[in-house]
Amino acid sequence: DPALIFDLGGKFDKSFNEAAYNGAERWKAETGGTYKELEMQSEAQREQALRRLAQAGANPIVMTGFAFGEVLGKVAPDYPDTKFVIIDMVVEQPNVQSVVFTEEQGSYLAGVAAALASKSGTVGFIGGMDIPLIHKFECGYAQGFKATRPDGQLIINYTGTTPAAWNDPVKGGELLKAQVSQGADVVYAAAGGTGIGVLQAAADAGVLSIGVDSNQNHLHPGKVLTSMVKGVDNSVYDAFKAGADVEPGVKVMDLASGGVSLAMDDNNKPLISGEIAGAIDAAAKAIQAGEITVHDYMADNSCPVR
Amino acid sequence: MERMPKWADVILTPLISLALAFALSALLILAIGESPAEALKVVVQGALGSSYGWGFTLYYATNFIFTGLAVAVAYHAGLFNIGGEGQAAMGGLGVALVVLALPWPHWALALPAAAVGAALMGALWALVPAWLQARRGSHVVITTIMFNFIAAALLNYVLVNLLRPVGSMDPASASFPAATHLPKLSEMALALGVDWGRNTPANISFFVAVAACLLVWLLIWHTRLGYEIRAFGKSATAARYAGISALRITVLAMLVSGALAGLMAVNNVMGEAERLVLNAVEGAGFIGIAVALMGRNHPLGVLLAALLFGFLYQGGGELALWTSIPRELIVVIQALVILFTGALDNMVRMPLERLFMALRRKGA
Amino acid sequence: MTAAPAIELRGISKAFGPVQANRAIDLVVPRGTIHGIIGENGAGKSTLMSILYGFYRPDAGQILIDGKPVAIADSQAAIRAGIGMVFQHFKLVPNFTVLENVVLGAEDGRFLRRSLARARAELKHLAAEYGLQVDPDALVETLPLGHQQRVEILKALYRRADILILDEPTGVLTPAEADHLFRILRSLRDEGKTIILITHKLREIMQITENVSVMRRGEMVASVRTAATGPAELAELMVGRKVLLRVDKGPARPGAPVLEVQGLRMVDAEGVERLRGIDLAIRAGEILGIAGVAGNGQTQLLEILGGYPPAGATLSGEIRLGGRPLPLAGSQGRARRLAGIGHVPEDRQAEGLVMDFTAWENIAFGYQDAPRFQRGPLMDNAALRADAMGKIARFDIRPPDPDLAAKSFSGGNQQKIVVAREVERDPDLLLVGQPTRGVDIGAIEFIHKRIVALRDAGRAVLLVSVELDEIMALADRILVMFDGRIMGERLPAEATAAELGSLMAGVEPALADAGGAAG
Amino acid sequence: MDFATLIQILDSAVRLMTPLLLACLAGLYSERAGVFDIGLEGKMLMAAFASASVAYATGSAWLGLLAGIAGAATLAGLHGLASIRFRGNQLISGVAINFLASGLTVLLGQKTFGLGGRTPSLSGAARFGEITLPFAESLRPLPVIGPVYAELVSGHTILVYVAFAMVPLTWWMLYRTRFGLRLRAVGESPASVDTAGVSVIRLRFAAVMICGVLCGIAGAYLATGISAGFVKEMTAGRGFIALAALIFAKWRPWGALGATFLFGLMEAVANRFPNLDLGVVTVPSMFMNALPYILTVVILAGFVGRAIPPRAGGEPYVKER
């Protein structure tokens, strides 16, 4: 059986753990198979969980989150016959598939959409903890926004420095209000449970928000401009489906492969004008064609625009 | 003459309280539609049923011993140190800086140096609140809470901007060199020819923690400083009469307390993760409060309470890992254990006392 | 009125855990009388009265008021039955005003304004009627103890108490205040109120009571008419053996000056000058007594000499010990002890002892760094215990259990622990504040003997006490302090209580002796 | 900074301080009566969960509020049972309550809604809406007071006004009523209250239950006022900040207003100026986020003297040992 390990945020984090869960459930529904799932309780359990699952014969073992990288590098060689899939991190081992997403590309599109949907010319970004991964989102978003609206204003907030930063909808709402009071009328939230508060407050304040990781358009129909969807669910689904035949190596999930995308559905249809849809499409094509390169914050820890 | 025999007070009362807490937990498990017997089996099996489980239980217990001792030492001086979380986090920074700064040839050299680094950083993080309390009267409860947040911010900054290897996604320091890896208890057992607790994080720091218990016991009850700490904690006016300086005791007690909390990093950062990650403390600082209070601020009590919490933590982890019971159940069980053994203990003690008094009267 | 007694207790028993504090006690107090109760520390006096006041519940026994059995489940019931009580340790809220304290629990209605207004008027009336003046708006913690006691009495009267219990009321009073209190008690009695007075002072029993009951170890051993007995008999009944009621001491043989104080001034943190230029000298082999009403700077003088001036105080002047000047500033407690100054502080519970420490730990308190208590880097707990065992034996500290917490000893035995510690160090100078406050006569006798023995061994003693009797009996010379100044010096043999009393009140007697003050 | 920005920041400060103020006043009642309470966090969390669940189930924010109050009051009763009736250690009891709430909310939430402890988002009458005070719009054009009234004073949920009204009410209760007199007395000297014929246990229980009610309102505000639903651990340390504010306020109602306003204000400022550009360097976001805490320490050290807690605080009332 395959197995799935969720990172510390837990499987209902409204973010990528939940997406992974959804992918696994879809596989289960379609194939009628069973899988083993584990939620991390503490840092020390990572290795324990990996080893126990490997010993129990789970294959492949999928895990979400860069925090597993270190441990997986240590554990994978001990179980050469087991396949491991790690999401959001590259681990170079012969039996590991590393799935990474080009969040900067999806966020670029979100920036384009925000730029065009904004009437005021000011948009916002609200991140959870100030960590490199979230800067990747921020930087892609900023690039898309500035490319579309060079004179526009971008307001950036991070919620905190403790794990509470991911679970503080009250603070998320307040940050949104602060950004709105500075003129922002489209705000992109990459902040887990805090983002729920951002989307809510945006809906209340009558401004647009952009969801993240999963499709969050349905949370406030007609008020969420779009969501930057990371295809974690698909990756998990694919891995489960491939079973023991998962292909090792780095799998880059980018725009081209549909790994990242903007969610379009009935909920946000009224918000996406032809102009916006066109611009998003154009940008997506340009990126796929290599005409636009979206700078990856992780490459050099800096962002060309701010 | 006491109301009841000492053994009844220190053994019987907590055991009955514990039984009550577990009984209530069982009801709760029933209420959420699971089997208490099954859960109990998983917990006990997972935490104590194998050398493997022990390897985790002891690892968690080690963390809690350090933070529990930290709270206990401050408590003896009448200070409530809620800052274990921040101090332990800073201790982690101390360990990382020491280990990464020099090419250590052997762990036996790196361990003492890292311990000093951890203790110094932890102590430093307690120093400011201590000094402010003694000199400016700023309540140590507030300042240590604030310093927890400040430590988190500082660590966030240092890990993301300074210690993170280039190109790494993970807000964590580089991995520590292999030479500085501490011997795991399993490796030590293997050296003695025993196959014990393979691949578990318990490491030599456990002995450091036990030694710390002993040292704290000596400090508090067998040194002049300990005598003065206790005197000051029990009666500040009497301490003045005896020429005991409030500033000196407050600062020293908090330094020792902070250093103990900081030392936890030897276990989790150096012994387990072998690098510094964000939020490495994982709330052990707060559990230390419960451990100290339940252990009645005595090192032996702290040791036992830490083992109990290590057991619950590991057993609960297993429960969440291998059954469909959510991990929060174990938080509730922990809460009930704290409540019954620590706060509702008189609910058991009072009737017991009456019972023993009645028995005695009949016997007399 | 003569028919039923105001109070009748039948077979009252009370145990605190294993301690039997009261054992089948019977007591009858006729209406309109003052009834004394005496007994050693821990005899159970306070417990018995607390039961009468509904603070504790008896394990067995019956209470009759005016011949009718009443159930006194709590203090509310006692108050309703017309009982008021002034506790040994006052039950006042320190940071409340006098008015708030009086009103607490006896408010009229939900809102305070009415209650406070009525209490203010009533207080004025009571003050005038009984001479119980206190500022109704003063915070209780700022009042001298004598005034706090007035507040307690006012509380009882405000609640229209018919029966008033006073538990060791004179322990905190100056002689003048005590006289004043007794006048009040007499006038209350004359109005038909019934009063129970607990005291350790036989003189007071003889002076004011009609009947007296003696308690020993939880039992009522005797109840007699005061006129039919005398101090010696009472003392013997109390202690169970013959007690010396006078301090037995020979003439002093003073030697070289040990302590010289010159121009000592102290301004406290609030900017009030508490000591206004104190000059004094004590010689080896003499006891210098300082008399004065509490609150006239004696406390501060002792604290400064002991090396721990009040926080934020500014000091000036000079203190020399054996000719060498001592530094004034900072916390000098350790240094003073090393220099040979022992100190029995005024407040044994707050200063002299750590109440949660065991007896043996307290035996080293303040001397924890003495070399003989150290063993390498550690403290030599075995040596401490051995030392404690010796002191417990020599000072007859009861129970002789070094592992008992200080708070579990009775007041007298607590004081013995402190005295044993300070006296046995054989200091060159012993500072003693209120050594026998609240202590029973057996223990008083013992403590006085040890102080005299120290003097006879050629040591200097500075004795501060508000008990004029104690000063007169112990001191070789007497200084009287008033308002931070030395008002005059007298020799005990020549001084009269009246003369000292007026000095204590700040009044120079007509024949003021110009060069009186030492220095 | 212009006037409009100032108003916006103050407006945000008001919203952010409200849960702190309620929790701080809650703690004030309890601690003034001599019962320490580090379980404010847990009680708020429980209330937030209960109110969100019931509001979702019934569609009524008011029923949610009642449920929140009931949830917090249950935990308060537990605290009272442990620390008053059974004379247990008040700090331990508080710690236990925090753990209990943290676990129970998620456990029950998962059992009920299956969303990992989250409740579904609330909308419509299941939330407390913002109230526009009379004349807010017509007064808006007036200089200064117009915007102050229309933006700052008007436009909050009812619970915000309740919180602010609690300050004078608490002051009045504490200093002008019989109950307040006894409450203050029992925290300073329970024996005085006892010998005055008033039950210490009953008084303390009353105080602890009031504390529960106020924590209940605070929690309901978090889940059904300022946001729309429960998220696990959503109190995010506010109970501890409220405790800090209480000490800061020296256990006085108006002080509580000031202290919690300061915390709210600092958070609002940090939210508004996330990247302080000092010309040469830009202060990293981490430090802007920590700024409220750093400033608290500075203010505490610089301006606030020793805070003396109620004398009998933390100690159970024992008359027979």
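Observations on the model:
To keep things simple, chains are lettered A, B, C and D as they appear, and every chain counts its residues starting from 1.
Going forward, a contact is a pair of C-beta atoms (placed from the backbone, for glycine too) under 8 Å apart; a residue touches a chain by one contact, two chains touch by 3 or more.
Values in this document were obtained by computation on a predicted structure and should not be read as measured data.
Ranked by C-beta contact pairs, the top pair of chains is B-D. Seen from the Cα centre of chain D, the chain whose own Cα centre is farthest off is C.
Measuring from the averaged C-alpha position of chain B to that of chain D gives a distance of 29 Å. With each centre defined as the average position of its C-alpha atoms, the distance from chain C to chain D rounds to 46 Å.
Separating the centre of chain A from that of chain C, both taken as means of CA atoms, is a distance of 75 Å.
Centre-to-centre separation of chain B and chain C, using mean CA positions: 46 Å.
Among the residues of chain B, those in touch with two or more other chains are 149, 152-153, 156, 160. Shown for chain D are the residues that touch two or more other chains, namely 117, 237, 284, 286, 289-290.
Each of residues 130, 161-162 in chain A touches at least two other chains. Contacting chain pairs in the structure are A-B, A-D, B-C, B-D, C-D. Within the complex, the chain D residues that touch chain B are 78, 81-83, 86-93, 95-100, 102-104, 106-107, 110-111, 117, 237, 240-241, 243-244, 247-248, 284, 286-287, 289-290, 293-294, 296-297, 300-302, 304-307. Every residue of chain C that touches chain B in the complex is listed here, in rising order: 17-19, 306-308, 331-337, 343, 345, 347, 350-357, 361, 364-366, 368-369, 374, 377-379, 381. Residues of chain B that touch chain A in their complex: 56, 59-60, 149, 152-153, 155-156, 160, 164, 166-172, 175, 199-201, 268, 272-273, 275, 277-280, 282, 313, 316-317, 320-321, 327. Those residues of chain D whose C-beta lies close enough to touch chain A in the complex are 5, 8, 12, 15-16, 19, 115-118, 121, 222, 226-229, 231-234, 236-237, 267-268, 271-272, 274-275, 284-286, 289-290. Of all residues in chain B, those touching chain D in their complex are 28, 32, 80, 82, 128, 132, 136-139, 141-143, 145-147, 149-150, 152-154, 156-157, 160-161, 286, 289-290, 293-294, 326, 328-336, 338-339, 342-347, 350.
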